[in-house]
Structures are given as C-alpha cells and as structure tokens.
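I'd like to ask some things about the structure below.
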Amino acid sequence: MTHWLQRTALAGLITLTPLAALAEETPAKGANIVVTYKDDIATLDPAIGYDWQNWSMIKSLFSRLMEYTPGTADLVPSLAESFEITSDGLAYTFKLRKGVKFSNGREVVASDVKYSIERAVNPKTQGPGAGFFGAIVGFDDLSGGKAEGLSGIETPDDHTVVFKLGRPDATFLHVLAINFASIVPKEVVEAEGQDFGKKPVGSGAFVLKDWVIGQKLVFEKNPNFYVADTPKIDGFTVEVGQEPLVALLRLQQGEVDIAGDGIPPSKFLEIKNGPDAADIIVDGEQLQTGYVAINTRVKPLDDVKVRQALNMAVNKERITRIVNGRATPANQPLPPLMPGYDKDFKGYAYDIDKAKALLAEAGYPDGFETALYASSTDPNPRIAQALQQDFAAIGVKAEIKALANANVIAAGGTEGEAPMIWSGGMAWIADFPDPSNFYGPILGCAGAVQGGWNWAWYCNKDLDARAIEADSMSDPARKDERAKLWGSVFTDLMADAPWIPVFNERRVVAKSKRMGGPGNIYIDPTRVINYDAVYVKQ
Amino acid sequence: MRIVHEFLRRPTAVFGLAVVLLVLIGALAAPLVAPYAPDEQLFDGLTLEGAPIGPNGAFLLGTDTLGRDLLTRLLFGARTSLIIGVVANGTAVAIGLGVGMLAGYLRGPAGNALMRFTDLMMAFPALLLAIVLAALFHPSLWIVAMVIAMVNWVQVARIVYTETRGLVERDFILAERSLGAGHGRIVFRHILPHLMPTAIVWGTLGIATTVLLEATLSFLGVGVQPPEPSWGNIIFESQSFFTSAPWLVVFPGIAILLTALSFNLVGDALRDILDPTQRGRM
Amino acid sequence: MIELILRRLGGALMILFGVAAITFVLLYALPADPAVQLAGRSATAQTVANIRHELGLDQPLIVQFVHYLGNLVQGDLGRSYTQKTEVMTLILARLPATLILMVSGILVEVAIGLTLGTIAALSRGGAVDRLVMTASFVGVSAPQFVVALLLLYVFAATLQWFPMSGFGTVSHVVLPALTLGVLGAGWYARMVRSAMIDVLNQDYIRTARAKGVAERTVVLRHAVPNALLPIVAMIGIDIGQFMGGVVVVEAVYGWPGIGQLAWQAIQQVDIPIIMGVTLISSLAIVVGNLIADLVAPLIDPRIRAR
Amino acid sequence: MTDASGDFGRTDAPVLSVDGLTVDALTERGAKRVLDAVSFDLGAGETLCLAGESGSGKSVTSLSVMRLLPRASLRIVSGSIRLGDRDLTGLSERTMREVRGRDVAMIFQEPMTSLNPVMTVGKQLLEPILIHQGGDEASARAQALRMLEAVQITEPVRRLGQYPHELSGGMRQRVMIAMALSCRPKVLIADEPTTALDVTVQAQILKLMRELKGEFGTSIILITHDMGVVAEMADRVAVMKDGRLVEIGSAVDVFERPAQSYTRELIAAVPRIGARAGTDGPPVVTAAAKAAPAAEKSLEPVLAVQNLTVAYGARAGLFGRKAGQTAVDGVSFELRAGRTLGLVGESGSGKSTTGKAVLGLIPYQGYVAIGGEELMDFSVKAMRPVRRLAQMIFQDPYASLDSRMTVGAAIAEPMAIHGIGDRVDRADRVAELLRRVGLTPDVASRYPHEFSGGQRQRICIARALSLKPKLIVADESVAALDVSVRAKVLDLMLELQETEGLAYLFISHDMAVIERMSHDVAVMNGGRIVEYGSRRAVFENSEQDYTRRLIAAVPIPDPTRRRLAMAG
C-alpha cells in the first residue's frame, strides 16, 4: 500500500505572518472592538448556524481539523497536527494536536471529533450541513435514522481519527474546514440541549462571555488558544439591531469598529468620495455570483433560445451602476476568484436585436408574460425592476414578486412555480473555495428536486457525470486538471443558459480608522470577517 | 343643501376637500399630466455613479434610486392610495356595518357571538396582523386592500353595534315593533338609514387610516409591490437614502400626510354635520 | 367585584384561545416551508425531510395545534426555528424594552393629548380650539415611519441632540417615544376635547359655578375627573394600536423590543416567534383592557357600586 | 309691560330688582331676542314664581341673574339686575363669583345630574362654605352637617361620605338645597326644583323650601311650569311667554283675576284634581255622544290580563343563573271597549313595563289576551293579527317617530306592514287620518322635526289609528307636553274614544290627568296593583293609604287651597 503522505508542519502558516506590506504595524495590546449587525444573531451552534453573520463568529469560537490561512483560500491543518490520505482517496487519517482544551477546561480528544461530525449529520440535530458529509461511510444509515453513529469514523486512540469514504471526494478537506465540522464537547452539548447555540463551548480563538438577547454579544479572547499570538484583540462586542445607516454614522464617530452589514447604498458614494475613504473602506472580491435562475421546466422558458435571448437582454453594466458599482458584470456561474474560472469565456453579450431575433425564432416575436421572483430586501427589488425593464425591451413582461426570502426559496424549490428568480439576498456565496460547491445543489440534477436549491430545475446528465469525475480527482497533484475540468462544466452549461449570471458582487466593509491589517481579513473568502486576525493599530 | 352650506362654512373642510379633489384629479389624469412613464428607468435619471438626482428642471421632484421621475411616480402612486383607500375602506365599512348592525339588532346568543368575534379581532394588534397577512399572501394591490379591510372593519363594527343598540332601544323602533313591522323592514327601512351618517363619516375618515396603513405596509415591504408605485413603497425603496436624497422621503411623506389629513378634515366636517348626537352641541 | 374580575379573566382566556387558533391556522396556511429555509442551500432532500419531521411539520394540523396548546398551557411557546432558543426566553429578553417604549409613548400622548384637549375644550369654537384640532389631525395623519425618519434626521443626525439609535439611557427613548406619542396625542386631544365639552355641559358643572367655584377649580376638580373615564378606556384599546406602531418605530430606531423580533421573524418565517409575539401582544391588549376596567371604578364610584 | 312691574305695593326695598333685562341668542343668522325687557322686583322673604310654558324665557332669566348664561351663545344686551345696591350685570367675573353661592344661590331641575358623580356629598357641601366663609375644614364640616340636618336628611353623618348615586332623588334635591342655603344667601333661585320628582317627594321638597325660607330669611325665585306648584308656593306670580313678562301680581290676584287671556288659558288648561268628583267616567266631548250616551257595547274585554309578571335582567351567569329584578309582579286587570283604564303610580312602579308587556314588546309570564286571543308566542308573524287590534302611543312623540321618514310615510307605515290597500288608498287614508287628528293633509310630506310637540303627538295618534285598532296603550302620552297643548291632546283622545269606541290603557304618573281620562283606575306600587276599581271609587273613597297620599300630594292650582301650608 503506497501512502501519499503529506506532512504539514506549517508552523509559519499557523503563526500567521503578517503580510510584508504591513509589517511596520504593531497590533495594540488589550484592545476591544465593536461590531454591529441589524439582525439578531441566530445561533452559535456550529451544527446549525448557517448565515453570514454567525458564520464568522462560529469560526472563531470553535476549532476544526482543517483551517484556511487568514485572508486566503489556502487550506492548512489546524486542530490536526498532520494528516494522511490513501492514494485511492478513500481514507483520511488525522493526528490531533495534543493539549488543546475546550473553554470548560477539558482536553479535546479524538472521540470529540467523531461525536461532532456525527452530531452534524444526525437528523435530530436538524442541521443544514448534514449533506456535506455524504461521502463518509455510514452516512445514509445515520441520516436515514437506521444508525446512531457513522461507521466510517474511527478513533484508534485519543489523538487519531480515521475517516473512511464511500467514494473519492476531492473537497473532503474543505468539508472538514467548514463550520459544520467544528469540534464540540459532548457533555456540554448534552447538558445544554437545544440551548447550546446560546451557550456555546468550543476550543477556538474566542469565548462567548455574555449574550444580551436583542442587544449584544460579548466575546473574549481564549488565553489558551493553541495558535500563537492569536487572536490579536482581547475581545469584541457584537451589537445587534443596528440599522446599517446608523451603524455607519456611529463608525464615522468612532463608536463602532466594523459595520457588519456593510455600507448602505445611500451612504456608499458619500463615503467613497470622502476624505477617509482609504482608511474606512475595505473593498474586495468574494466568492459570489448574482444570477437569475431561469426555470427550464416552465413554458416558454423551457426553450433554450428563449433563455439565451433573456441572457442577451440584460444590461449588466446598468445594474452594476444601481449597486453603485460595487459589483463586476459576470458571464459565467463561477466567480473570478474560484479555481476553474475561465477568463477567456465571453458568455452572452448585451444585444437586444439578437435577443429579439432569437425570441422570434423560438416563436415569440411579441414576447410573452412571465414572473420574476426576488427577495424583498433592498436593493433586490430595485435590481429586479431593472431586470424587468431590460426584459420589457425585448417584449417579455415579467411580473415582479418580491417576497420574504423564505417564500422565494420555497417557490424556487417547488417544481413549476417560479419562472425566474433573482438570487440576490439569497445569493450563492461559496461555503468553501471549490467549484464543486457551485454545482451540485444549485445546478446539478441532485438539486432539481422538491425543496432543492436548483431553481433553474436544470439537469444535464452529461455534466453531472463530468462533475463526478472531477470530484473524484482527490490527488492534489491533479489540482489544475481538476479545475480545468470543472471550468468546462460551467462554461458548457452556459450553452443551455439556465442562468443569467449578472454580476459578481464585491464585498465592501466599513471599518474604523484604528483597525489595522490587510483588507482581506475583513472580507475573508472563507470567513467574512476574520476575528482571529483583525487588530487595532497601536 | 344644508349639508353643502354647512360644509362650505368650514375653511378646514374646504381645504380638505380641495386637496382630496386635487389628489383625485392627479390620480385620474396621471397618464396625461405625468412627464414620464411611471416605471421608466431613465438613463439620465441617475448620476454616473448610480445616485438619484435631486429636484431640477427636468425632474421637478428629482429621481429615485432607479432613475425614475419622482413626480410621475407620486402621481401614479396616488392611484394606488386612492384605489386601496376606497376599496379597502369601503369593504371594511360594509363588513363593519353588516356585522355591527346584525349583532346590535339580534342581541341574544347570535349577537353575542358576533360581538365576541369582533372582540377577538380587536385583541389582534392590527398592524401586526396586517403584516402577517400581507406576508402570507403574496402581496398585490387587491390583496393589500383586502388585508386592510380585514383589519379595519372591526372598529366600524363596534361603533355600528353601539349605535344599533341605541337605536333598537329608541321609541320609534319600539313603535315599529308595536305596529307589527318585520325584522327586515325594521333593519333596512328604519335602522339602516339612521346608520348612514356613520357609514358616510367612516367611509371618509377611514380612508385616511387606510392610506396610512397601506403606506406603512408598503414601507415595511409587505404592501404594494414594485414596480407598481405606492407612496409607501417609494419611501421603502429609498429609506436608506434619506440623508443623501431626502426628497425621496419628504415628498411622498408630504403626499401621505396631506391626503390622510384631508380625508380626516372632510370626514370630521361630515361627522359634525351628519351626526345628530353631535349636532346639538354647537 | 371579584365575580366581575373572574368573568373578565374568563373572557380574556377565550380571546387568547381564539387568537392562538386563528394565528395558528393563518400561519400554517403559509406557502413557505420553513424546513427548506432552515436546511439551507446545500441540504439534501433527506435533510429537509428530517428537519420537517423533527419540527413536527409532517403531522396533521390539528395534532400540531393540540400539541401547541398543550405546551402553551405550560407557558411554553416553543422554540424559534432559526434561533433554536425558547421563544419565551427571546420575548422575555426583549419585553422590557418594548414596555419602556410603550409606557413612555403613552405618557407622551396622554400628557400632550390631555393638555391640548382641555385647552381646546375650554376655548371651544375659538381660534385656539380650531388650531389645536387641526394640529391634532395633522398628528393623526402623519405616517409614523416618515415622522420617525424625519425626527431621526433632524434631531439625531443633524442637530445631534439625541443618539441615533440604541437603548439604555433616557435620551435614547425620547425620539421613539415622541414618534409613538404624536399619533396617539392627536386622538387623545380630540377625545379629551369632546369628553370635556360633554362634561362642561353637565348640570353639576353649572352647580359648581353657581356655588361660586373658581373656573380653574371647576375644570380641574369637577370636569377633569369626570372626563377621564373615556380616556382610561381608550388607553386600554390604545395598547393594540401601539403594538403595531412598535414594529415601525423599533425598526427605524433599532430599539431592541419585540416589534423588532416580530419583524425579523416575519421575514424569516420563524413561525414560533410570530405566534409568540402575536399571543403576547394580544395578551398585552387584553390585560390593558382589563386594567382599564379595573381602574375605571377607582375614578367613578358609580361603577364601584355595580 | 312697564305698568305690570311696580304696581304691587310693598313696604320694604326689594332684595333683587330686575329692570328691562334683554337677552339675545347669537345664532348663525344673527342675534335673536330670547328675553325682551323683563322687569320684576323680589321682596325680602318673598317667593316669586316665574311661570310659563317651555321656551318662555324662565330659565334664561334665572341664569342671567346668576350670570351663568353660556357665553358663546347668549348675551345680556341691556337692562340691569340690582342686588341691593350693586348691578350684577356690570360685575367682573371674579366679583360675580363671590356673589354666587353667597348672595344668590341656585338649585336645578335634575337632582340626578346636578351633583358631581365622582365627588362625595360632603366634599361638594364643603365647597361653598370654604369658598365664601373660609375657616378650617372641621368647622366647615360641622356647618355642612348642620345644613344636612336642616334639610331633614336621615343619617346626615353617613351622607357626607356617600356619593350622589347612593342617594335617592329626593335626598339629592335636599342636598342641593342644603348646599344652596349653606351661606345663607339673600336670594335662592330654584329652577323647576321638583319637576323630575315623584309627586309625593315633590310635596315634601316644596314643604321644606317653605320652612327653610322662613328659617334662613331667604327670598325665593321659583321657576316652574306647573301652575299647581305656583299656587302652592307663590306670594307673587310672574307669567312669562315668548321671552316677555306678560303678567305679574299676587298669587291670589293672578289666579282669580288673571289680566291676560294667556294667563287665563294657562290656568284653565290645568287639570285639577277633584274636578271630576261626583261623576263616573271622563267628560263627554262630542255632540253625538252627548245625545246618545254610550251603551255598554260588549261585555267581552278587549284586553284581559291575569297574573302578569315581568322580570328584568335575568340571565345565565358564570356563577349560576342570576335572578333579575321583578318589575311587574302578578298584575291582573281587564279593559272593555270604549272604556279607559288609568294605570297610575310613581316612577319605578312598573306601569310602563306593564304597558309594553301587554303588547308583547317585552317577554313576560302570565296570561294576556287581546280581543279574546291569548298571545302565545312573540314571533312577528304570530303577533301580526293582534297588532291590528292594539296600538301604542309613547311619551316622547319625537322619539317615537323615525326622524328620517315623512309623517305621511310614518302614518302609512302600519298599512304597508299589514298589506292594506295600495299606494293611492293609503294616501287617502293618511289624509283622512291627518284631518281626523286636527292637522291638514298637506303636512304629509314633512319630516317630524318640522312639527311642534303637540302636533307630533297628533301624528302618533293618527298612526296608531290607521289600522282601526280596538285598544290603544297610551304610555305617559302627554307628560312631555305643555299644559295648554296637553289639554287639547287629551280632548282629542276623548273624542276619538267616543267616535271610534276605543279602549285606552292610559298610563300616567299624573293623578289629575288620570282622574280626567279614566273610567277605571289601577294604582301601582312596587310592581303590584295596590288598588283597582272605578275611578270614582278610587279617587273618592280610596281604601289605601298609598293612594290617598298620592292624591293628597298633588298641588292644586288654587292659592286659596294651599294644603301644603296647612300640613306645614
């Protein structure tokens, strides 16, 4: 048996070398910062939390076997000291770091890893992330209620965990880095039951000190965190119920350090053109694509020519203007930062005449009536109206249905219900930086089911086969080959035009002037805000 | 004639009526007088950075965040407000009149059951109920109107109930009964005409409440849906702009205020003139 | 008296049951399946089905309702779908803020309304009366969200007299309470005016004047206590109006009360929270009316006798 | 008018002197005179009665003296009101306040509403004492107590802590008097002080006022429409009509030698108790009936009532069934065609309830038969044939007409309900009925508010007659009318009885009216009939103390026969 062995004693990475350009900045000691959000923080239970507010907080409360280098999409071992993968890609063996303790003082051992993953999969947990672990042997039994645990996870000793997979999964290391794979202490979870999400206990960089419901959450540094010099602040307070606009005004007055909801459209230009812009604004790309899903099973959208015509009808430049230029027009599902993105792909150019011609060819010279669903939170209704006007230019009358997210999601997951959906507000931000995460649930056949997220109800068996092939290339050496294969899946599917990729939204965060560090720790591609890495300038 | 005369003697009522007529004409003539199409996203309606443009020669009241002419949208929004005001409130008054009159006339277990039901509806926080209802059914103009009617009839029912109870106790109803008049005759020939002033007054005053409620629902995003313009959803779409583009909040806000105020003034004057219990007072 | 209270309590319970039943039927007629949203975008159909099962959403409606009522009797409002926390905990945590807001709002409107209404009644038919009455209509006709935004813009953003948002100090409550109170003050002014006019026309006021009682004493000692009765009844009803206004005001001012909670829950279709907030609001209304019923005899000895 | 004021010789200077008092009402169409140059003097210790029908200006006069006219609508334009050497019309509000309650005090018609319902009796009594005499609360309290004793209230100490609603009407009026006299005013103005009270209570209050007048040396201006009260109380009488004082003089002079025809009519119209003594039945008014006295037409009663019981407020409560109050308790009587049964009693005696019950307008227990048919159930349909036989006339004619219906439609309404005749027939019948009750047919298109009270009651009678009923229940049908109008309506009713052979169940609290109208009388008290017999027997040889007291309490419009004075 030949083992492909990867020893990763990447001490350098774990101690987080500051980027050279900012080397002269020294983090101030003992700093506490204030972060604001409009909505309540839902839960801090890592098996359940799945929105962009609590995502980064959970990241910082818990540790996982794998982690990303701050500000990048580079995977590194974290709670694991090292790991081995068999050449067939079906078994992963992790050696745990010794002496890591939960905030209640108990050491983290291998059985905690097994328990945590099983808990994420167990239907009783009602966790949304169960599906990520589908490759592990025994998954179907556990999620179907036929077993209590995952037979594919073994713990030969307290510091060794072995995962057995039923099929090769090139994304498995990413899966172990997402929140759902966070390690939780069994005894605390069982004691707290469903309240664990309000009283979380983990082994991450921070500890939750206090939670005043509807007002604030207080996080404090974990003094025993196993990564040296991390975190760089003594704590942070998350204030909720803050209107973005108000938060921003307070930020300008120095009362707030990070406005979590970003900069509201109305304030954006004022701040961008203001004198403090460079100090306050962090603007960067994220793994996001805003698209219109065109339901391939609803007449007349089932005609590929119609879908192509709609693609050509959208004036993406104008829509990016409506969001004040905080996005880049897109032509394919994958965002530019994602491995596999095809720079040379041109997609459908804005061409009304050609769109009309295609419509006529399809038998709709005078257009038709249809509906466009969208989230009811700003700016999505406005974008939907811009799209509506674009469609109207080629004779397609789309009625706008701006609904609460839940209702849009429900409509999208019901066959034949929503002809078109603008994804904004529920947009696809990658769980982890791998193209496969952009395919299965939202474009693959598996997602085109009742309650699924493939709102285009697009199912192409050939592409599905190629996707499986690509995901089986778990050998890191074939990384580039795999990316290329994935890229072709996405560009090829554009021939069927199940989506109108509209733009890749950039994330714009406002931070107070005293906050230091590179921009990408405020718009971390895997964390949103990387609380472990941010610091206050001295 | 007396009504017209007394009405015209009140400056506030005349002012109210004038504004109501103005809004009505604006709404009816919107396609003729509006400078642009209501949902036309004008290319020069946004700055190059995508910001709305303040009031100027081309756009008298400025543009909104999609580059549409605000004046045009306000004019078309008046249609929404008036349609909802009249339809929703009309329905509410009709339901309230029916339930209140029936409960007040029947009394006994049936009347009690009806009033317990209105009590129940009273115990719902009205706006919250409207929000829930509007969020449940995909909101559209008519759904919003019906939601508002569902919420607003209760008040009318209570007032009509009290009044009917009073009427039933009055001697002339007793006289009718002693003459052998049937229920239908008493209710429709004798009670209903006496409730008409109340119905007219609420038909007017209620429009003010309805316009406000519609605006509030739209402001919360569960009312009339874009691109259909409504004064509430114009503010909803641009509320975060109120520091950088205050005209987007101020002008629709004034429109709502003036319209609601005017219906209130007209309704109040009508109440003074029509309500016999108030008549003796001054 | 005790019988009256018991009867009122019984009625209140019936009303709450009705509210629970109606809300339940409404909410479960919802087109949105909360399980789908909870399961998130990467979920498999199996995960969705599991979540549905765990939430009990796959049971018949009536079973769910009976179950819900059973829990309700024990003070259990269920758990939030999204926050996984007991709804009771969430509401209790936010209730004080809403109560503070409501009490200050009621104080504002009663204070303004009582003063203006009395002044208008005393100068009845005169210029002051007409001015006050027109002003009260402006107050009544002003959309709360516009008033809120304008107050925020003028007094917080521009003049910076008050904080823009938040909770904790007295200065935080000023603008939200004003916003809530302005609308009510208009109604109160009108109510107080007509009640005062009614009372001032009563024989006993003439009696007092015939005794040589000074006008100030006539108004304050003889008229106001009698005019207060309809006002007390109105405060009870008012709580219902307030529960609605609270949603708007809390949204604009970032006030951490149950209005905000309800609004978030509605957007996330978090049914247990919506149910809980609706029930609590109805409870507040019912209790408000109950208090009004119980306070009335303190003011009016005639009711005490009954 | 000037000669009317000063010709009555008096020895001492008047306490109050009103001269040329003129008051305008401010209406939308300009000023309207409501009081026109009224002049009179009030001597020390004198009782001056201001008499007159509604709208004559009595109350405006008294409010002018108090300077309590509603400022926005009524204004004194000229004249003076001299109290001693001060002209009240020229005083500032502040000075006037000192006069009110101390020099001039006032009591009002409605003792129910004239006391502040949310203040204790004691507090209200203390108020004028503290305002005008100062001193501490204890001494004021002592004085208040003395005043309550003076007005002969039982348990005066307890009363101080009670609220007005806990007292009876008579007690409240005593409290009012105590309050008014507490500062020993020179003048007491009593505006219809006994109108709202039962006749026996009225007698007590009038007696009290007479006694206190002497004790406190107060002059009284008594305002009343009741000539009986005038005769009982007045030293001098001033008769008012349409805002003018038409006659003033000593009580005996005015009653025995009225100078004005109006005064004569007024006195003549007052039914006097005992006027029908020695006769059976009411006077005959039509020529035909005079010629041929009515024979007993039938022995079959039009209305037979046995053991009628009505309970109010009974309902199933949370804590078991609650017994209601019994308003009518086991009442039995019968009434034959062409005859009148007078149902008399004080307020709360159950007489009105009885009237409504016999027409099936409220639920009852017991036996009621109209035209020999027992009323079995109360459904509209089952009752309809009975409705044709029996009709009702109410106390307030305005309230019993639908204000939104023309009087023609109102009179035609019963025919429409019972499907009698077509449009033209009904119009003819309406015209005939209007003529029958003394109105012209052209008024059919007008609305009730365009008529006077008497005319409205005629319209109600016309409506009741439209179905040619056998029985009419008249519930206080003339109580709301002025005396002169009242007499005419009563005459109309008598006339109709003679020509149509109607049977009346005539319900009234007014013994004199009952005496005039009835063949038989049933006296009710506490829901029971305490005495039942022919009018003559009941009025002349009553077996019951209660009835005798009722009769004795009725003031007689003849100053020479002041029984109250004798009683006092």
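Each chain gets a letter, A, B, C and D, in the order it is written, and its residues are counted from 1.
By definition in this document, a residue touches a chain if its C-beta (ideal position, glycine included) is under 8 Å from a C-beta of that chain, and two chains touch if they have at least 3 such contacts.
Quick caveat: nothing in here was measured; it's all calculated off a predicted structure.
S.K.: Decide which interface, B-C or A-B, involves more C-beta pairs in contact, and give its chain pair.
M.R.: Of the two interfaces, A-B and B-C, more C-beta pairs touch across B-C.
S.K.: Going by average Cα coordinates, which chain is farthest removed from chain C?
M.R.: D
S.K.: How many angstrom lie between the CA centroids of chain A and chain B, rounded to a whole number?
M.R.: From the centre of chain A to the centre of chain B is 45 Å.
S.K.: For chain B and chain C, let me know how many angstrom lie between their CA-based centres, rounded off.
M.R.: 21
S.K.: In whole angstrom, what separates the CA-based centres of chain A and chain C?
M.R.: Using C-alpha averages as centres, the distance is 40 Å.
S.K.: So the centre of each chain is just the mean of its C-alpha atoms; given that, what is the distance between chain A and chain D in Å?
M.R.: 88
S.K.: Mind pulling the chain A residues that touch 2 or more other chains?
M.R.: 376-377, 404, 407
S.K.: Give me the residues of chain D that touch two or more other chains.
M.R.: Within chain D, no residue contacts more than one other chain.
S.K.: Which residues belonging to chain B are in contact with no fewer than two other chains?
M.R.: In chain B, the residues touching two or more other chains are 135, 138, 222, 242-243.
S.K.: Please name which positions on chain B make contact with chain C in the complex.
M.R.: For chain B paired with chain C, touching residues are 12, 116-117, 119-120, 122-133, 135-136, 138, 208, 212, 215-216, 219-220, 222, 232, 235, 239, 242-243, 246, 249-250, 252-253, 256-257, 260-261, 264-265, 268, 281-282.
S.K.: Could you please specify the touching residues of chain D with respect to chain C in the complex?
M.R.: Contacts found on chain D: 66, 68, 72, 93, 97-102, 105-106, 108, 110, 113-119, 127-128, 131-132, 163, 165-166, 176, 179-180, 317-319.
S.K.: In their shared complex, at which residues does chain C touch chain B?
M.R.: 11, 14-16, 18-19, 22-23, 26-27, 29-31, 124-125, 130, 134, 137-138, 140-146, 149-150, 153, 157, 197, 201, 237, 240-241, 243-245, 247-248, 251, 262-263, 266-267, 269, 274, 277-278, 281-282, 285-286
S.K.: Tell me, which parts of chain C touch chain A in their complex?
M.R.: 31-48, 50-51, 53-55, 79, 82-86, 89-90, 93-94, 97, 157, 164-167, 252, 254-257, 260-261, 264, 266-269
S.K.: Help me check something: in the complex, which residues belonging to chain A touch chain C?
M.R.: 38-40, 42-43, 45, 48, 50, 123-124, 126-132, 134, 143-145, 194-195, 197-198, 212-215, 239-243, 246, 249-250, 376-377, 404-407, 409-411, 413, 426, 428, 431, 437, 440-442, 446, 449-453
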